[in-house]
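For reference, chains read A, B, C and D in written order, and residue numbers begin at 1 within each chain.
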Amino acid sequence: MTGLVARVGRVRELGIALVLLLVVAATALANPRFVEAQNVRDLLLNASIIALLAVGQTVVVITWNVDLSVGSVLGLSAFLTAELAAANHGVPVVVALLAGALVGLGCGVLNGAIVSLGKVPSLVVTLGTLYVFRGLDYLVAQGNQVNAGDLPPELLGFGGGRVLGVPNLVLITLLAVLVAAYYLRSYRSGRELYAIGSNPGAAVLAGIPVGRRIFGAFAVSGAVAGLAGALWTTRYGTVDAAAGTGLELQVVAAVVVGGVAIFGGSGTVVGAALGALLLSTISSSLAVMGVPAFWQQAITGALLLAAITVDRIVSLRLAAALRRGTARGGHDG
Amino acid sequence: MRPAVLSVRDVAKGFGAVRALSGVSLDLVPGSAHAVLGENGAGKSTLIKVLAGVFRPDSGEVLVDGSPRPFADPADARAAGVAVIYQEPTLFDDLSLAENVFMGRQPLRAGRRIDTKAMHAATAALFERLGVRLDPRRPAKGLSIADQQVVEIAKALSFDARVIVMDEPTAALSPVEVARLFGVARALLEQDVAVLFVSHRLDEVFELCDHATVLRDGELVWSGPLAGATPEDMVRRMVGRELSALFPKQDTVPGRVVLEARRLTREGVFTDVSFELRAGEIVALAGLVGAGRSEVARAVFGIDRLDAGEVRVDGRPLRGGSPTSAMAAGIGFVPEDRRQQGLVMSGSIEGNVGLASLGALSRGGVLRRRDERALAADWAVKLRVKFARLSDPVGVLSGGNQQKVVLAKWLSRNPSVLIVDEPTRGIDVGAKAEVHRLLSELAAEGVAVLLISSELPEVLGMADRVLVMHEGRIAAELSKEDATEEAVALAATGRAVRS
Amino acid sequence: MGERLRGLLRWETALVFLLIVVAVGGGETFLSGQNLFYLGLDVGEIALIALPLTLVVVSGEIDLSVASVLGLSSALMGTLWNAGLPLETILPVVVVVGAACGAVNGALVTYLGLPSLAVTIGTLALYRGLALVLLGDTAVADFPASYTQFGTTPVPGTWLPYPTALFLVLALAFAVLLHATPFGRATFAIGANTEAARFSGIRVKRTKFVLFVITGAVAALAGIVYTLRFSSARADNGTGLELAVVAAVLLGGVSIFGGKGTLGGVIAGVLLLGALRNVLILDDVSTETLTIVTGVLLLIGVLAPSVVARVATGRRDP
Amino acid sequence: ACGGTTKDSAGAQQNQQGGSATADPNAKLRTGLKVTYLPKQINNPYFTVVRNGVQQASGEIQADFKATGPSDASASSQVTYINTAAQQRQDALVLAANDQNAVAPALKAARAQGMKVVTLDSDVAADARDVFVNQVDSSEIAVKQVELLSQAVGGSGEFAILSATANATNQNTWIGVMKQELAKPRYSGLKLVEIAYGNDDDQVSFQKTQALLQAHPNLKGIVSPTTVGLAAAGRYLSSSEYKGKVALTGLGTPNQMRAYVKDDTVKAFALWEPAKLGYLATFAAAALVSGQITGAEGQGFTAGTLGKYTIGKSGEVVLGPPTVFTKDNVDKFDF
């Protein structure tokens, strides 16, 4: 039985990885350049920012909450970071990234405070702050744009740079995934996030500081979105107030495809990051395969639905297996 | 006597109009097991939640080692060494059993990381001590009620607790596990742990405990040593009057068969269940918690799908998996959990009463508020529901009155078959008698009643016939005359064959 | 619980009060017939879609694909028009296709038991994608004036735009449906306690399914209104509108967890958002501020009832 | 179609030409005009530069100027602002339309109330405005880009176009002219293999560039006739291994492209000066309100420091030839 459960848990991520491989292999058959170093790098790069956001989102979603404001937080932080760097060319890259993360942290703290102190649904709160943060972004930008030319070359160099052939952004995302995965697996407070999402009432009885943990989850999501904003600036160079508009739904989609239960309690950041990679690889693949541009979005939508449907069927099977197992295993015999 | 490690002084706690506790005091002493007794809704669980830091009392105080210590939340109570086994299991479905046991207190290794291996080993050891074979790695999702209870007990044992509070821990356990639990509890008592024990099984209370406190309607009516007292004394203190007056089932002559269940089977839950209900008859479905009685009722009513078998009403087979068709055939169903299944707590009294009769209450597709209100008012009077306004949310009513609203919802449909699952759970003594009177009257009017109850006296007092379930099968069918406490208990624990 | 209910009532009263403040504050320009006409047009599609979405949210679900259904119906309208079909045929076909889109959402949510948030994020992409497949990047703009006038002129003798008249009729119908029929009662019961609803013989799946179908159909209707109003059928029509509609519904005091809310509140919420926008734009307040005001209103909308309830009870209980 | 309202039965819509009243070329330019500037969306930096021109001109003619607009560039989002301008009794509206049809009814209603409408950058249906100020002559800019491309790739090879949105009017017009131009024997070596759409979104354009290079191994060049697309493509190329192998040209702003011109990703690109566009449009609006012109072909007016302009076919005024930017001159511009 345990074997079964553990296997299914692992199969979740393995399954996504497998689908990913299939997509890559099929595309590579049609166009071998798809698996050349430059393209693989680009694939990873394209997914890295969404994957990073998905990591932060996962931390929130496993507590049975959601953060819809990530796109706006990213936009605000991207613009502020860009302005900061443009105004102070000597600013080290690390400081710029930290500044971005700090802006995001501020936003996340606000979200977390409202949700945990107000005891109000996070979907509504973060829908509200989605507008508020974007409005602030517009206010700050005043219709202007920071151009690549205005930014210090080191910053742009960082966004385009690589270590041992792996782009810096991919490395940062990878690091974030590993840290988050390890934290969620091996630390008490990480496990408590799962407990809260699994059964909020029981979490209170177990002495878990529910409000504080949820607050923390939003702070993390905000800080990660802020960092993603700073990375956005280093990568794209050109930033206006619209950066990251509409990203929130893509992030939620990646998280869902990655097998994170939208009602909390289960799922991993590795799955979510793979989900992000899968979605962006599919869209690259559709483009490379020569699927007409107008079909691509429809196909992506259909695949998303297929993914959650399959996931649901697998978990239903699992539940049924557990029920039978209990019946066979008999309790007191 | 030794000084108390944990006490409450004059605590009171109310929920809206309900006074769950008033002026209750209690001392828990190291090495002593203290029972709290009382009927359903007497305030036992509320008292326990005060001790656990879940509720803050409206007045009065909690003392640890003699000095006042207000618990702000359950974490405070834990810090003071209080471990609690709650009445309702509080497990995290998605997490492993080991994590459920050690949540928030997982063993750590270098770098404050969770030591998973140690955690699994410790959990396995706890299960060993309780004599069950459960895999610490499996998720809690899908555990039977009994196994859930075992995990709860393991959780409490995993503390180095100075006080262990147990709210009906044995309700779902078989005698073997109860014996093991008591073994563990006695060992803890030896080690000077204080135990608070709640159970409706008085024999267990006398077996384990040396002191007892009796609550009635939230008030302390008696407290003292158990030595020299008899179970009958305790019952009298709990109920406040002689028992026999409580079950006024009138004799009726059973009529034709209205409902027929044929070889009902739902895999992993119940198997091959067959029975008949006749007009004017009350048939009780008895058994231990977890025997599958509620599941049978749910399947008959069409909430769950059957894997095999069929239900016939007046000779016509019912379409499975559809409560609507069960209702059309004249079946009414008062479910066991009124908060989850019976009522829309935020809805008004009238809205809840009318909820199963929406079609009948509307004309031309539009709901007639006046008819709805009239229906609710009518039944509120018939059932003597106490309320301020019919437009008040049901949530503000006391438990007994809530139960009456559920009954009103179904009785107002004039069912020919009424299934009632634990109809008196959590309701006060007076209301309980009224529910019994009602059931009896219904039977007299020719309604066939299927009564599911965990309270043996209720079963014995009300039923014309008793079906006893054990592990998803009907283990015995007893006539009113044969249905003694002993015979039912024997069949329920699987030690009797079907007669 | 009683306090909560009263808090909710207060919130709806507050909405109407705010609406009056905005209207009075807007002065004569705001209350002029011409401005009210524009206001009616501006809230048009959001107001229309908010009606069925209110029911969906009351039942405890959500539909984020509405704006994509709007876009798809607009694209379909253009495609069929280009194919030479008469508008009299096109319009009903479009509404039926919208209903079918809703049926797909409903089937996935009810019969497969998938969370509606996830499902409708998927169909959001799917339906928008289908719109693009149909019409690509072209726009169809040669709809006859005899039809487009329904989107640009008032009902003769009034300042009511036709879409607003349509909205009023539908608002009445939905208000009756939600607050005065067994179906509406069932919707509330399902949202407040799905299990209790099922135990009361309410057909939970069927009810939710029907709600999604209705939402799809009305979203398609909104697509028609949109297309005629701008005499422009495009695949990207109404992109991003879903969040605005959800915001309007939540501002109207409907609980995201289901079981609570009134259609009156939502209508007041829609009008408040629209009127506030209108007044602020008339006063040349910047779009930035507008966006922030929308968000803050939403935050107040969700926080106010909970704060009021907590102050009223003055207790801290789980 | 039997008796219903179909495309055929509805027939072609009538185009009534603006400016039937008579013009008085010597009328005095009125001061104190109320002018509203309505960009495609308020946070589009290009239109912020255009706004500066509008603002400057407004200062010179002592007009009351204000800028307003939606935060998204969807087809319908400008309508509210047009209606508001009409209600506020503005004398003139200077706008860049997101959709040539969606705003037309509102513009017509506003004009019926006496407001003058001047479009710039992206036109609307001719009967919905008085004058359209075109940044460049469509064929001129298209021809220029083909010429730049041909030079950059050395006369032959496969190339792709990275456009904005698929229904951007100006983009499509230019692409049409480019195709005609390519048909000439001079360009027989050039082969257009794909038109990609970056939606004027930086990230999308960036990824489309990437996809283009993937899909066409022999790609020699990319033309992006939109500033967003060109900047994104430049950034991608400059940091990829295709730098120097795949040529890039198109329309871009000096500030955005400076880095890529200097690092040789781009040899030359073109653009008009956006501020001048706003400046000219404002003077055209003032001339309309003052009665100097009505929008009919052949009428003339003076646009401040820019000098005299004449209205061309269907109410169109052309700003002038595009500027070509290279490593040598790019530092002289700041926009």
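Just so we're on the same page, a residue touches a chain if its C-beta (ideal position, glycine included) is under 8 Å from a C-beta of that chain, and two chains touch if they have at least 3 such contacts.
Please read these numbers as outputs of a predicted model, since none were measured by experiment.
Think of each touching pair as a link: the shortest run of links from subunit A to subunit B has 1 of them.
Seen from the C-alpha centroid of subunit B, the farthest chain centroid is that of D. For the pair subunit C and subunit D, the distance between mean C-alpha positions equals 35 Å. Taking each chain's centre as the mean of its C-alpha atoms, subunit B lies 74 Å from subunit D. Mean C-alpha positions place subunit B and subunit C at a centre distance of 44 Å. For subunit A, residues that reach two or more other chains under the stated contact definition are 134, 138, 201, 204, 293. In subunit C, the residues touching two or more other chains are 136-137, 240, 286-288, 291, 318.
Counting partner chains per residue, subunit B has residues 54 touching two or more of them.
Contacting chain pairs in the structure are A-B, A-C, A-D, B-C, C-D. Across the interface of their complex, subunit A is touched by residues 41-45, 47-48, 51, 71-72, 196-197, 202-203, 206-208, 210-211, 214-215, 217, 228, 231-232, 235, 238-241, 253, 255-259 of subunit D. The touching residues of subunit D, counted against subunit C in their complex, run 1-10, 12-13, 42, 66, 68-72, 74-76, 79-81, 83-84, 87-88, 99-105, 109, 165-167, 197. Interface residues of subunit A, counted against subunit D in their complex, comprise 31, 33-34, 38-39, 42, 46, 134, 138, 141-145, 147-150, 156, 160, 236-238, 240-243, 245, 284, 287-288, 290, 293. Contacts from subunit C toward subunit B in the complex involve residues 1-2, 4-5, 176, 180-182, 184-186, 188-189, 192-193, 195-203, 259-260, 316-318. Those residues of subunit A lying in contact with subunit B across their complex are 1-2, 5-6, 185-188, 191-192, 194-195, 197-199, 201-209, 261, 265-266, 319, 322-328, 330-332.
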